[in-house]
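For reference, chains read A, B, C and D in written order, and residue numbers begin at 1 within each chain.
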């Protein structure tokens, strides 16, 4: 039975089934077989081994021909992750083709290339999710371009804005997250096939040509200096995953806050029948967002460790290799799970514009103190105006009295501010600055969303 | 001019002046002089050097006799942190006493013992703050033992409780934080005087006796095996500081939330005239709590790095030493600053019981759904009761209708629940479980607060 | 098929089978059943539920009665980790006993107590390993008390010492690691049974009595304030595991270095037939030590993340809970695996005293430069003596000439140093300072090793 | 007096003076003045404030006109980092120009843009160092293209290679480090001028035009959505710095190893008179490399913390801001110091080809076991050949006997391998695979080194 959180029956519900399919042992085994087959093909193309052998190897490189149970037992017994696979593989191959298997290769070469293939699939899935999420955010932005809400800083109401503006900042950060992933991919998704120390001496003078051909077949770049200790490639990609996860973690935190009982401005998708607690029937917990936050913390934690392991020794260093292998797979699963959950959450986000409006107005105009100050500043100067508005604001907070009245009653505003002018300064939609222009900039800078909206997409605006 | 956040004129306001006094270069220099003087005294006590020399060394071991500017310039020039000090020290000593200075010692020995002395002062300051904070929390708990408020889980109202119960959990965690610091101190505050590799060969067979005497004079324990690479001692203490900081960070986060514009249940101390923003006059930001959170993150970050550096090489490893030296001082300053700020915040915490009550009641009884369910369970069984209350709760949330009415109108409650019974189940003070007993347990397990309350202590309960 | 490194067939060979037995899903399930049974017993003892019901619950709390496959499928479907178990449990119980199952409890209560039980088993295993390792180290120290070797600092030969002295420093650090674990255990191994928010309102006024009785039955302490967010308890224990792992990581790094082809002073156990590489037949890699280093880095990485998650919100916070759950199990498995491997490594450590001696002498006496300097200092003063020896040493390094000759030929040594005196100063066993006393101190401070040496214990000293 | 390691007189020698000049308080202040002046200019260009006012502001934006002592004291007193500066600035400006200072801005806007300017200077310095280091590495590679040495994996001799090949892998990784920094810079070096919440409401509808003009004057990009909480920009750059530092840390670790007393293959620059230890005159420590390792660990530690702080709240969050501000400056200083030191180290690296050769041969041909196996495989098949060579190798290791003799004496090699063929298989220069092609690839992929070699560049090859 499994032990780790990712595999445990108690916890694996947090994790993307698609990510599991890319990274579980069966797929890993298939990718290893794929790499061995491609290696044979490349060597046949270069006339290093017979073509028939390469074809036979390719024919037998199919997971369903292998006895996974036995491999599993033998790996545990032999303490080697590849030899039992190669032995079975060899015996499956007819006509002596097995003798050409794994020609000149070292275990880590095969595992590293297989990992790159799995990462490439992960990457594609992440981009799909990002594209769909972009679609969801774009729809939300269009709907809530003018939905007024409180802008907050340091935990306090600051100035009015629109929900669309907040969404535009999310969209903007996700664009950067995607570019970062794509750029890291150009360095991480590389064929490194250098044998024991990177010189591929076992292949004589053919080493780098074999590597180049393998890369070509797999449609990947090839390493200039194929050393085993260039862990910065994977580390950078994991760091980019960490920033990717953190971007969603921030969004999830915002939704958790907006869903707070006292705030009530937005909610993650809910369906009648979803139970928040077996003992507290009223609970509508932001479960999915909390999942994202927890998983993102695990993902961010991986970044520091993989960075440490880029400081590896000599031409090969198993201590770094162990840690890196453990961190790549889990980071990929964490990132895909975050993307998958947030895709669902943003697709079905429930927004309550009327509550946003109510919260915005709850402070009786205090959130527009700057606007009042700017209006008064024309008569009193900015400094004096700040003084007046500060006094009125603090008085209203301490006594629970009306901010409007306190401003109008202040000795220094007499004859300089009438109620109509004050009310105009207190209209939030007149104090949005360039929020709409920023929204337009975000939308026009965003990549197009290429994915067809999911059928159950449901950006409901609650009544 | 300084560069680092801790020393910069722009940022040093975050940091405890007392911590700066313990850890700045002048005090560090004085502690180095102290250790050299104690070393001489110990060696004189053991008749290894003349008594007069030790007395003369002690006499001159005073910061004000040294030209700190020159030392500073020479350290930069010679790239050695101690030799310039020793040279000046030697020339200050009359009658050849300077020749007995630093007898048999290695630079790291002196620096490590000086660091232990600074850490011991830091520790004492932290315990003082903890004692005072305990006093403040105890007063708050007594005041708010019965102050009703919403208990929340996963960002949602869960069950009623009292503010005193929340405070008791804070007190309980701080007790553990203190015990942890005290236990780590027994391993960290140790004299390690082993010379270049721990054998003190330069002192012949007297090495460990000198170490023992130095330790005795300083009222510290002595290392059994005085190797330079036992960085686990400091690392453990820094880890305990990390948990100490995190305990306050959690409290600070709770205050930031309770001070949220929409929540308004509590506030960090405020005085008329304190300005939250130069442009938004209404702002009452939880500035001090946000400082604590930011600084605690820096402190927690130090933990992982110092842990890595316990994996040092051989009998001495400057790469670990550099990192550890950088991390201890900053960790101490961070921790003391956190304690100092939270001392002020908790001493003057502003609490709004009426707002707590208002928030508790805002959901129209939904927070007592479990209580209603338990009441109904006597007639319907627990499962059916959950079903009924869930339906009523969701209906009330979706329609904004009354939870009470929905329960009473439900077909399955007919004849089984009258309004009076329902109202009784909805009284929060009847559904507090053993909150008060837990408060009593926390108070009786807590260490006594030995510190006289500060004059400006001001646990105001706002009207 | 599994995904994570810990469970993968490719990698799980790194991990302790015993740890897997404590932490895999089957044992986790059994511990959950155990806790439910103890809860029922405690409530029966307090007359809150019928005694017969508690007995029946206990009777059925056996893993083999449960359909684990179905539970697994239902957890995935229902997205709840406990409800499917409770449903099956209930249907197993006769005479209505199932109705008293999980009385007043919240899911996290049960999981947290089950985790404490698993941690307690882990802790016991760690102490067993430490005891045995202490035995192995003690035997090694006794054997190598006088085995001369080079002490090194900053990667360079520094002074002579004995291998026993190095081992004594390892022993000393492991003693601290154990004390730290034991002290953390007193705070981490605690029953926290507080219901949804810690008040246990669902049990009326019996909450804390139930908790106390559960704790008594399990021979554990009970929490004073049983809140769900006191994650500092587990975090401290994981931090202690991090320091525990790092202590072994340091030892492993030293063995990897001593086993370096050019150094050859010691080796981890080897048996004829063990293959280092399928392609390089000569390889005798320090595989087990490299495993320990890699796994320890993963373990240390967990520390920072769990620390972050102690900053949880309100009375319950699933985002912290997810991360903490993931980190405890993996940390335990990592730590036990490290202990198990290092137990084997130290039990069978191969030591080459003659190579240690050869390396010590390889620099032609340079490693005793301090000793020569001290001898000369009696005639020239310390400063002049350093000057002379420095010149002779650098000359010998640059020209590859004899250090002895260079010293004797130096103008300033003429008439002050004869060859016999020089040779005496160059005898390493005369320049060991208090190395032996430190060894004795370490041995007498160490806990006794209570474990019978393993049959295959084999502290071989190679010829 | 300063407290932090970066500023302390005891430790600041580790750090780049140039980095200090970019990041110390005086420069920070000048950059703040610069940003205020550019803001005024931009607003004048857009006819929002009078041109004369902008000119006067620019005229007075010079550090030497300010009383830094007083600013420093006032910041400490007022607890605000900018207001004291603005007050002095205003009073310096004639003709009422001061009234147009800081128009519509928020403190964080100014600080963030100033930080970008400092980061841009840092970035330029890093690229300069990289270019020079590329030059040094290229010269070293050309010199040591054919210098034979042992390739090592898992701490053991593996296969022969050349030192040039190792250097080519370093060059290759540094190229990636540079690209990463450059790509991160495109996202990090951006003008974010959004006022309190990003809408710049205080500037009416001119907000984004002002931001665009400021960006244009500073030759930077402008943020699409200028929110204050887009900390991913800085975090990514710091992560790139972490990988940059780690690349050098790995190189430094390799040099420390190669300089080990027993290895002696290379050394960091040394000059007669450099003292390694005041008590051990023979010491030639790899001091600079150890500095790099220690500082790189501090830098890597910053990455995790800044990542955590990208998860900031709402439209502004001082808790993240504090941590980010502290981490950027120190990360920049750490990275520049690493680059500066490694520039010196690689420029003057001392290489001992003869020792490399001696170490390569020390194992009596074992390092070419694969080559022997491949030769035998033609007669015996690969599996049998491995068997034979393994037996001969282990026998030679255990008995200290000759590997050559053991191979030739093995029953299975009789009649199949003569001594001449064996000796040919044992010639390291015949078993280098595609090492030279990889070197060529690295050289041709590397950017050109544009920097004139430093005068004291001194890639000495010791005799």
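One rule holds in what follows: a residue touches a chain if its C-beta (ideal position, glycine included) is under 8 Å from a C-beta of that chain, and two chains touch if they have at least 3 such contacts.
Predicted, not measured: the structure shown is a model, and the values here were computed from it.
Chains making contact with chain A as well as with chain B: C, D. Between A-C and A-D, more C-beta contact pairs are found at A-D.
Between the Cα centres of chain A and chain C there is a gap of 33 Å. Separation between the centroids of chain A and chain D, computed from CA atoms only, is 26 Å. In chain B, the residues that reach two or more other chains under the touch definition are 152-155, 158-159, 195-196, 202, 256-257, 277-280, 285, 287, 290, 300-301, 304, 308, 317-318, 370. Every residue of chain B that touches chain C in the complex is listed here, in rising order: 151-155, 158-159, 161, 165-166, 168-169, 171-173, 176-177, 179-180, 183, 187, 194-208, 223-230, 232-233, 235-236, 239, 242-243, 246-247, 249-250, 253-254, 257, 296, 300-301, 303-304, 307-308, 310-318, 370-371, 374, 431-435, 437-439, 441-442, 445. The residues of chain C lying in touch with chain A in their complex are 1-15, 19-20, 23-26, 28, 68, 71-72, 75-76, 79-81, 83, 106-107, 195-196, 202, 256, 275, 277-280, 285, 287, 290-291, 293-295, 297-298, 300-302, 304-305, 308-309, 317-323, 325-327, 329-330, 333. By the touch criterion given at the top, residues 150, 152-159, 256-257, 259-263, 272, 275-287, 290, 304, 308, 359, 362-363, 366-367, 369-370, 373, 386, 389-390, 393-394, 397, 403 of chain C touch chain D in their complex.
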